[in-house]
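Dropping the structure in here first, questions after.
We call the chains A, B, C and D, going by the order they appear; numbering starts again at 1 in every chain.
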Amino acid sequence: MSQILIDPITRLEGHGKIQIFLNDEGEVDRAYLEIPELRGFEAFARGRRAEDMPQITSRICGVCPMAHHMAATKALDDLFQVEPPPAARKVRELIYDAFIVEDHALHFFYLGGPDFVVGPSAPKGERNVLGVVEKVGLEIGQEVIAVRKQLRDLIGFAAGKVIHPVFGLPGGVSRPLTPELQEGFQAAAGRAVDLGTLALRLFRELVLANPTYVEMITSETYTHRTYSMGLVDPQDRVTFYDGRIRVTDPSGGEFAVFDARDYLTRVAEHVEPWTYMKFCYLRDVGWHGFEDGPESGVYSVAPLARLNVAAGMATPIAQEASEEMVSTLGGKPVHHTLANHWARIIELIQAAERMTELAADPEILNPDVRTIPTETGGEGVGVVEAPRGTLIHHFRADEQGLITDANLIVATQNNAARIALSVDKAARALIHGVDVDEGLLNQVEMAFRAYDPCFGCATHSLPGQMPLVLCIRDPRGGILREIRRD
Amino acid sequence: MSEPDETFEPRIVAFFCNWCTYTAADLAGISRMTYAPNVRVVRLMCSGRLDPQFVLAALRDGADGVLIGGCHPGDCHYQLGNYNAQRRVLLLKRMLRAMGIEDERVRLEWISAAEGEKVQRVCNEMTEQVRALGPLHLAAVPRREAS
Amino acid sequence: MQAHDGAPKIGVYICHCGLNIAGKIDVEQVVAFAATLPNVAVARDYRFMCSDPGQDLIRQDIDDGLVNRVVVASCSPLMHEATFRRATAAGGISPFFFQMASIREHVSWVTADQQDATEKAKALVAAAVRRVALHEPLERRQSPVLPDAMVVGAGIAGIHAALTMANAGKHVYLIERESTIGGHMARFDKTFPTLDCAACILTPKMSEVRANPNITLWTYADVVSVEGYTGNFTVRVRRRPRYVDEDLCTGCLACIDACINKKAKVPDEWNEGLSKRKPIYIPFPQATPPVVVVDPETCIWFKTGKCPRPCIDACERDAFDFEQQERIEEVKVGAIVLATGFKEFDATRIPAYGYGRYPNVYTSVEVERLVNATGPTQGEIVLRDGTRPQTVGIIHCVGSRDERYNAYCSRVCCMYSLKLAHLIRERSGAEVYDFYIDMRTAGKGYEEFYDKLMQEGTHFVRGRVAGVTDEATTPEEEGKLIVRAEDTLLGAARRIPVDMVVLAVGLEPQPDAQDVRRLFNIGCGAEGFFTERHPKLAPVSTFTDGIFLAGACQGPKDIPDSVAQAGAAAAEVLAMVDRGMVELEPSTAFIDPAACSGCRTCVGLCPFAAITFDHDRNVAEVNEVVCKGCGICVGACPTGAAQQHLFTDEEIFNEIEGVLAYV
Amino acid sequence: MKPKVAFYWCASCGGCEEAVVDLGEELLTVADAVDIVFWPVAMDFKTSDVEALADGELAAAFVNGAIRTSEEEEMVRLLRRKAQVVVAFGACAWLGGIPGLANLYGRRSILDYVYGEEPSLEEHDGARPQEETDVAEGHVSLPTFDDDVRTLDQVIEVDYFLPGCPPPGELIRTAITALIEGTLPEKGSVLAPDVALCSDCPRLPSKPEKPSVKRFVRPHQVQIDPDLCLLAQGLICLGPATRSGCGAVCIAANMPCTGCMGPVSRVVDHGAKAMSAMASLLEADDEAEADALIGEIADPVGTFYRYSLPASLLHRRREPEAAGRSPS
């Protein structure tokens, strides 16, 4: 009896395992996406000093540490009941947008991009950043690297460290922005906008110009009609640093708008015995299994969802680009999972444009960047839009300022149910019998890679990493094939 | 903890300063004051030499308790050593508490050179206290297999 | 790290110490165990390792190349570490390739069970073996000894120590708190058992002090600070103003007669308040220096600023200086002898004896003054009302040999009580009752003196006195003090009516003994007397090198013992000073400049300012001569850059593992 | 023939991989100089690629993350077999890192909290992820987690340690260069300066000649002077106890050092040494006063062992169930 095994799933942050069960006809009966990782941050956050949360929780993920650092910092504003001075707020948002740009660039060019840019069934040795460089040329490759480096260096200087920042404090940031850094951000912002438009161009040329890809994107295989969730600004436009949480139903109508502090009344986590991942769903709709449609509480977050819940983008070039996408894909809401790659570029552009605005704001140099808390202890919730979706940090602390309870709703967790759906659906569509070729299996992986999922984030739990295995079983559970792609 | 095991013989490492407590231990000897054999003394010139690493190393190496002896406040042969020891032990004990190690397992006592009987009393008390607590049983630090 | 002469070859030597160790510890077992320990080349036992043959074992094994590290398991290092280091060095290797395991004081003497003792001894040996393998050869630093010396306290002990050293040609600073030297002895009339006159033997020595060019005498002065280390102390002395120029005053005492106060009305401390003095006074005729003192508390000029000050006119030498301020003198000396003496037990602490309540209850010190020819009554024994006592009761052990006050025996009370009994009888013809618990007359001619008193007809009543009362129960007790005592010889309680009660008060440490102790960084015993380095082997040394003890500050002593001890202390100082240098313990801290980050955690922690920060090299440095080797900085150093010779982290970690080597 | 290298992550956040990616252009030059045969986060090579290698065929394996599961253990043992040099890459692999704080809790209590107590959980029957589950379609299994987090060298022999959370680019560069040029120091070395951060600290000149602390303050409680030594401001800065090599970036950002670069070679237990220094600097001789002031530190373990708990002498919190596992 032959075996197939994918080990481990690659080009995503974190770890996963897919179990696919075939029926007697050799058709996919059910695919399970298991997240075997648990690091327990919430558990060992208890007893730590509240003000250390931004630095401790950033270790949940080294790819989006800024998102956790910022969500925790905002939760501390709430917990210590302090309002950061305007300059501090702007410094935070500027740095946060810079982070969104470089992180989206990372995913497009390094992690998700290769699938399209190099091709889903290209030889594995090429399906990586170096392959991308091959395809798009060294200059572009170097420009991508250069821009990310420039942005990450700036973030490093401003936040202390780009990987695991230290600048966030309840009531502000650890130090004011220097004029030199302001100039640096201004320069980088312009360059980032160009990179965004470049990425857009590449996407048009390499993806949209290729009918097979377009067909793949719009195919039912990669489509689910679920609820969408994301932060919106007062004008209901896409925002990353702060805003209200908006939820739209599968047909695009507003389902709910609420403040992060009320998340517990809106969102619940579902536990399955076969995975360490906890699946988020909308309380008001309820958990009805891994289903899409208006009757299922399953919802999605991340770039495409953000575009779906927002009336539009907050900056001109991004707005233009989003209109192009929506019209190309037949109007909002867009439910094609693979369109996340496109939406990601559009978001990259908005973040870059927003950087330009903030860096130009004279107020941002104001040395008053700290409000010293007078209260200790209490409860606080903080929310940001992480690159991978809505991220909520929720802490309670005692009178000593030590954490007594911590609860984290992490981007990929919001998406978890939908990702499981995608994998299941892709498997059904792509796998017929046990003869599965490697490119096909990569297309199964593409189903979740499109979300830029971070299982490290998602299970912010006991250290422990497990390769993702694609394991195909017969109806009696016996292993037909385990695919170890070689 | 489980109920006291009378057959359990605690291992206690003591760090005594040369001028007061170690001399007091000598006095206890000269005065033939018998006490529990469980306490094994490591001589330091001053309790101010105490490095928290020593206490942890003793616990790691199999001690069930650690006793630190210094001169009474104001009497340190080096004027300030015992105050330093006190601050270090106070902080260390808070850390040990957080690590699930009972307070009674680490004890700091001021014993002057004239207090032989206090050496006797403290060593006996501590041995009984630790006996009542039972073995420390620290989780073993994983050791890699020889490769 | 490793010995220059290759891998460690450790010799382990277990001492039987007669039966002190071997009687409790199975030495053979320990030897066998030691032989199995890593790096141990030789494991032997011997009856007395500290004896010459014992030390020769070590020397020989080193000579024969069998051994290059030495562990001796015997008594406390405080006892014989030096001995065995010498033996190790005698073998031709560094004396610091040695480690001692205390299996006597810490094991055989304190452990009930033989097997327990043997196991514990093994652990201590294991620790010493692990540790000594890491020892490094160290240089003993030598430090010059300043030629001058200081004696603090000028009673008979201090005087004798000062004179002994001065006569050997050393310059001595003699510091006395009172306005005159002489201490307690100067207040006595006669001394036991010879009954020779105290003044006759003391005053020559007092004037000799004054005359000796090698002695700088500062009375009315006290030590305020001591810095430095053995051989090199810097002492600051405060000299209080006496408002009279010592160099000009000749002690003619004309000023005292001239004082505006025609009558003396200030209670005279010297005479225990039994007489009065004027605001300007001299304690007693032979006071040394013979210089008057103005007491600002009672002098009209100081109190009101209004006084014609006839004293000034009366002085031919123009010696008065009412502007005189206290002065701080700073001197550097190589060694210091402490002879700060004792204070008498405060009799009011035992109300039952009625002191302070019944005027005719006296302390022995008061009676010393009464019987003294220079005292308030010129030697007449009279009660406060001027009448002569017919019967006198002397109560021994007042404040001594009593758990409630002092458990110890004050050693001198029996003898001085006998002396007083004799003098009282001699001077007043009174019947003397002597209440004692045990008559302690150990000393040359002491027992004979006791016999003499018995022949003289002194009544001795053996038993502790319950109390003294004036409540008469019979006519003959009327108007008398009744001493209630149990007569253990008769086995009956007795009431003995007397006219006068003398309380033989014991000796206690000076009230400020604790302060003095801290000032000189030495130790006190539980009872408060200064502790000697070793009761037998170093009776006049202290735990602080270069500081020695003489007289009753170390414990109750009579005059012969005090003088003998003073001579011994002087000899120790002379030995030091003549050698010209001392060897300092090498267990100092040092900082590896390559490892020091310049964080300065250590700098402020050093109690002796031995650590300085080099801003150019950005590292902290230890001045090894100033460093006293406490290791505070080493324990605090956050990166282990600071280490301590003989107590490195590595050595201590290994010792810890060793003591936990339960077998 | 280019030396083959592998990057692998165990229980980690991916920050170490990011740090490698951050080498930017140099990544390309490195990619030229070496042959990366295994790097799950960025390249499609699988375990079998490694198994296919001859023992010792890998010039080096860079492993980040702490060890928690049997899978991780197997993988690092495999890499150990295949690699001439194994480098523990980053704080987690060297010391356990921040996820090592999980050693303050037993596995059980963590599962109970995450799946039983958190407020956002649906009302459910207290279901927990099971290692073995029968689902409608068949049988699904999850890996077992050890009760504690281990450092890499508590599992396999490690040749070099690269400190930091994540390791500073400069140190990674130096290490890789040394590897390529064969100029690595003696085995067992930590590839960073062996002196504490103060030596590099721009604020050192502002440190008092004789430092001391009246009371410790927490970063959120005070306006932090951007130029004055942080310890002199009463902030617990682990710079004096922590390796340099990071360029004091946190301090440059006006925040105290939290010790991610770990201890120097002369220190056995990072937290204990740091505690000793901090406690010594406190100006309080009276016991009650000292204890009160020390109490204000609030969380000694999280403060002094933030990155090194699994590597510390105590390794993990003492749990009653640990009683069976006493060292022999």
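Things to note:
Keep in mind that, in the parts below, a contact is a pair of C-beta atoms (placed from the backbone, for glycine too) under 8 Å apart; a residue touches a chain by one contact, two chains touch by 3 or more.
Everything quoted here is computed from the prediction, not taken from an experiment.
When the C-beta contacts at B-C and at A-D are tallied, the pair with the greater total is A-D. Relative to subunit A, the chain whose mean Cα position lies farthest away is C. The innermost chain, defined by the distance from its C-alpha mean to the mean of all protein C-alpha atoms, is B.
Chain centres here are Cα means. That of subunit B falls 32 Å from that of subunit C. Note on chain placement: the centre of subunit A and the centre of subunit C lie 79 Å apart, centres being C-alpha means.
Centroid to centroid, with C-alpha atoms defining each point, subunit A and subunit D lie 25 Å apart.
Mean C-alpha positions place subunit C and subunit D at a centre distance of 58 Å. Each of residues 51, 53, 57, 62, 80, 84, 88, 98 in subunit B touches at least two other chains. In subunit C, the positions touching at least two other chains are 605, 632, 635-636, 649, 653. Among the residues of subunit A, those touching two or more other chains are numbered 47.
Taken pair by pair, the chains that touch are A-D, B-C, B-D, C-D. Chain contact summary for the complex, subunit C toward subunit D: residues 594-601, 603-605, 613, 618, 632, 635-641, 649, 653.
Residues 6-8, 10-14, 19, 21, 29-30, 32, 34, 36, 38-44, 46-52, 55-56, 59-63, 65, 76, 80, 106, 110-111, 124-125, 127-130, 133, 141-142, 145-146, 148-149, 152, 156-164, 166-167, 169-171, 174-175, 263-264, 267-276, 278, 281, 283, 287, 370, 372-373, 394, 400-402, 405, 407, 409, 442, 454, 456, 461-467, 473, 475-477, 484-486 of subunit A are the ones touching subunit D in the complex. Those residues of subunit D lying in contact with subunit A across their complex are 9-19, 21-22, 24-25, 27-28, 31, 40-49, 65-69, 71-72, 92, 97-102, 104-105, 107, 109-111, 113-115, 118-122, 124, 127-130, 133, 135-140, 142-143, 145, 149, 165-166, 218-224, 226, 249-250, 252-255, 258, 260, 298-299, 301-303, 306. Considering their complex, residues 76-79, 102, 104-107, 109-113, 116-117, 119-120, 123-124, 127, 518, 521, 523-526, 531, 543-544, 587, 605, 607-608, 628-632, 634-636, 644, 647, 649, 652-653, 655-657, 659-660, 662 of subunit C touch subunit B.
If you check the complex, the residues on subunit D that touch subunit C are 194-199, 204, 207-212, 239-241, 244, 263-264, 266-268, 273-274, 276-277, 280-281.
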